[in-house]
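Next come two complexes built around chain A: one with chain B, the other with chain C.
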Partner chain A sequence: MRESQIMFLQYMTGLLILVFGSFHFLLISVLSPSPQKVLYIYSGINASHILVGGTLYYTWVKAVYSSLIWGSVFELLLTFLVYHVFNGFRVILSEIIPGGRAEKAITYILFIAGLIVFIWGTRTVVIGLGGGF
Partner chain B sequence: MEQLILKDFGEVVKTVTFRVRRYDPEKDDAPRYEEYRVPVQKGMTVLDGILYIKEHIDHTLSARYSCRMGICGSCGMIINGKERLACQTQILELGKDLIKVDPMGNYEVVKDLVPDLSKLFRNHQNVKPFIIRDEEEPKGEYLQTPGQRERYAMFTDCILCGLCLSACPTSASDELYLGPQALAQGFRYIADNRDLGFEERLNVLDSKHGVWRCHFSGACSEVCPKGVDPALAIQLLRQVMTTNVFVRFKQKGTETGPERKSVSGVS
Partner chain C sequence: MTIENKKGWISWFNPFKYGSDRWMFALHRLTGIVLGLYLIAHVWETSNILNGQVTWNKIMVDLDYPFGVHFGPYILSLVLVAAVYHAFNGIRLTIVENGLMLPRPYRPEYPYKAKSLSGLNNVLKIVLGIFMIAVSAIGIIYIFTGVII
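Take a look at the complex of A and B:
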């Protein structure tokens, strides 16, 4: 691939991370099915609180991860993040250690590291889709 | 003594201190700074000050210069922390009593204020800074309208002084980076309607250490003594490269005009 193609994808994934990341945070903060999403119950005089509803509620998290739509959003977000992060590292490191075998080694190592993170993340998404948490 | 030396050139306005970085890689272990007191007259440039030091105080000080009028681009150096041409920098306009002079950054030092510009010239050469055409021998003039020339006119003003590369933060960390000068010249020829060399330059400009490594700090444009804006050229070059991802950038190449003979009759 030409560097222009690689960098075009870098900028595009940056934008898409913004879009899909926003969905992700909307999911956590606003899109909860429960009106109690930010409700905390203060128990006793020591004011410790217990989460009783909201997007971080276990059953809701499980429901979200089981949804094919949200699962796809997470998988896409993961793909964009892995590309953007590891290519970003490659760019930074190739400037610090330019040229020769070191630069090639950096590219291969980061590619493999990115692949491992992607496979591991996909595994989590797939397990979530199967309701297996 | 100072009065005697400078009497033909006008009144000495004040005396300033030049703090000059001295380093001879063949003799010295590390660079050091030496200070010289220089009498200043109105209109005196930093280059004049350096030449005064060389003539009257320390003959061993080395600096590169030639035209003394901001055309040749030989006397680039870092003056009070900023890349400038020494011949274009008036001492009184700096408004300081201490003038710190360093050789340009991002280059090896030959001696004192003389940088080794090999990297600059090598990068310049790599972008093929000339019109590339298919035909071996031009049969006539390559036609160009004033508007077509305007697309790249600013970038023809580059005098290869190397100040932009010295100021570039990417060049400081990435020694293989082409640098603003070479990239601007790459754009200058790609934007030229007479040129057909886009594909030939692509491997260099669109490489791992080419146009995409610019962080757009804009330092190159800030220091250019000729008002060239290399940062703009880099952005325009990126525009061409990005478009080329989808639609292959094709240069048409201007047509040649009628065949002409020289005044002497020899074609």
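Take a look at the complex of A and C:
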């Protein structure tokens, strides 16, 4: 791909992350299936650090990962993020280490690293949707 | 051909002696790197949902109380502020780097003050800055108290 096309995608994925990232933030607040809209609820006042509720509690997070809509949102967000982040790293590293060969090496290494993160995240979403908890 | 990168990466984080755009660039890079590394950690962290209730809740608690102190909200607030800054500055860059809201081309004359660094670009900075502070404040209040404004 030409550099201009790569950067165009960088802008586009950036804007898409803004949209889908907002959903992600709404998900752990107003849109959470948890009845109490707060991140953590611990047992007792002087908490012995036992999580008993909140939007990050297992039951509610599991409910989110079982939903097809949220699964799709996560998968799309992951795709845009991985592209945006690893292309960003590539731009930064190419500036630190100049030269054609270095740039190729950076591109390949980051492509593989990005692919690993993408596959790892996709695995969570797919297994979650399949009910394999 | 190798082009020398004389000052190296350290110069990105030296916005002194330059204008506000340089500060924004430095912060954009810094927040970008932090958020990128956070994404990798976040993908690992959330993959633990597949390992059952005990593991998931333990990881949530361990990340919330890393040193026996209720630290999670501070980390989340930092990530939120970084994300909000990166997002709003990113909107500005998408507008400005594509040539919108910039002055017409002109003949450079002494003392060579760049017109692109003033005018609408500055208005954009202020407007987006206000949004940034508002969104960050709403987010931080939610993270610490659970109150949604």
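As a working rule, the second predicted complex is superposed on the first by the 115 of 133 C-alpha atoms of A that agree within 3 Å, B and C clash if a C-alpha of one lies under 4 Å from a C-alpha of the other, contacts with A are read in each partner's own complex, and residues count from 1 in each chain.
Criterion: a residue touches a chain if its C-beta (ideal position, glycine included) is under 8 Å from a C-beta of that chain, and two chains touch if they have at least 3 such contacts.
From a predicted model like this one, the values you see are computed outputs, not experimental measurements.
In the superposition on chain A, A:L78 makes contact with chain C only, not with chain B. When the two structures are aligned on the shared chain, A:I96 is found in touch with chain B and with chain C. By the touch criterion defined above, A:R2 lies against chain B but remains apart from chain C after alignment on the C-alpha atoms of chain A. When the two complexes are overlaid on their common chain A, residue A:K104 makes contact with neither chain B nor chain C.
Residue contacts after overlaying the shared chain place A:V61 against chain C, while chain B stays out of touching range. Touching more residues of chain A than its counterpart among chain B and chain C is C.
Residues common to the contacts of chain A with chain B and with chain C across the two structures: 95-96, 98-99. Residues of chain B touching chain A in their complex: 170, 173-177, 202, 206-213, 241-242, 244-245. For chain A in complex with chain B, the residues that touch the partner chain are 2-5, 7-8, 91, 94-96, 98-99, 103. Taken in their complex, chain A has these residues touching chain C: 11, 14-15, 17-18, 21, 25, 29-30, 36-40, 49-51, 56-59, 61-62, 65, 78, 81-82, 85-86, 88-89, 92, 95-96, 98-100, 117, 120-121, 123-124, 127-128, 132-133. Of all residues in chain C, only 1-5, 8-9, 29, 32-33, 35-36, 39-40, 43-44, 46-47, 49-50, 52-53, 56-57, 60-61, 64-65, 72-73, 76, 80, 83, 87, 90-91, 94, 97-98, 139, 142-143, 145-146, 148 touch chain A in the complex they form.
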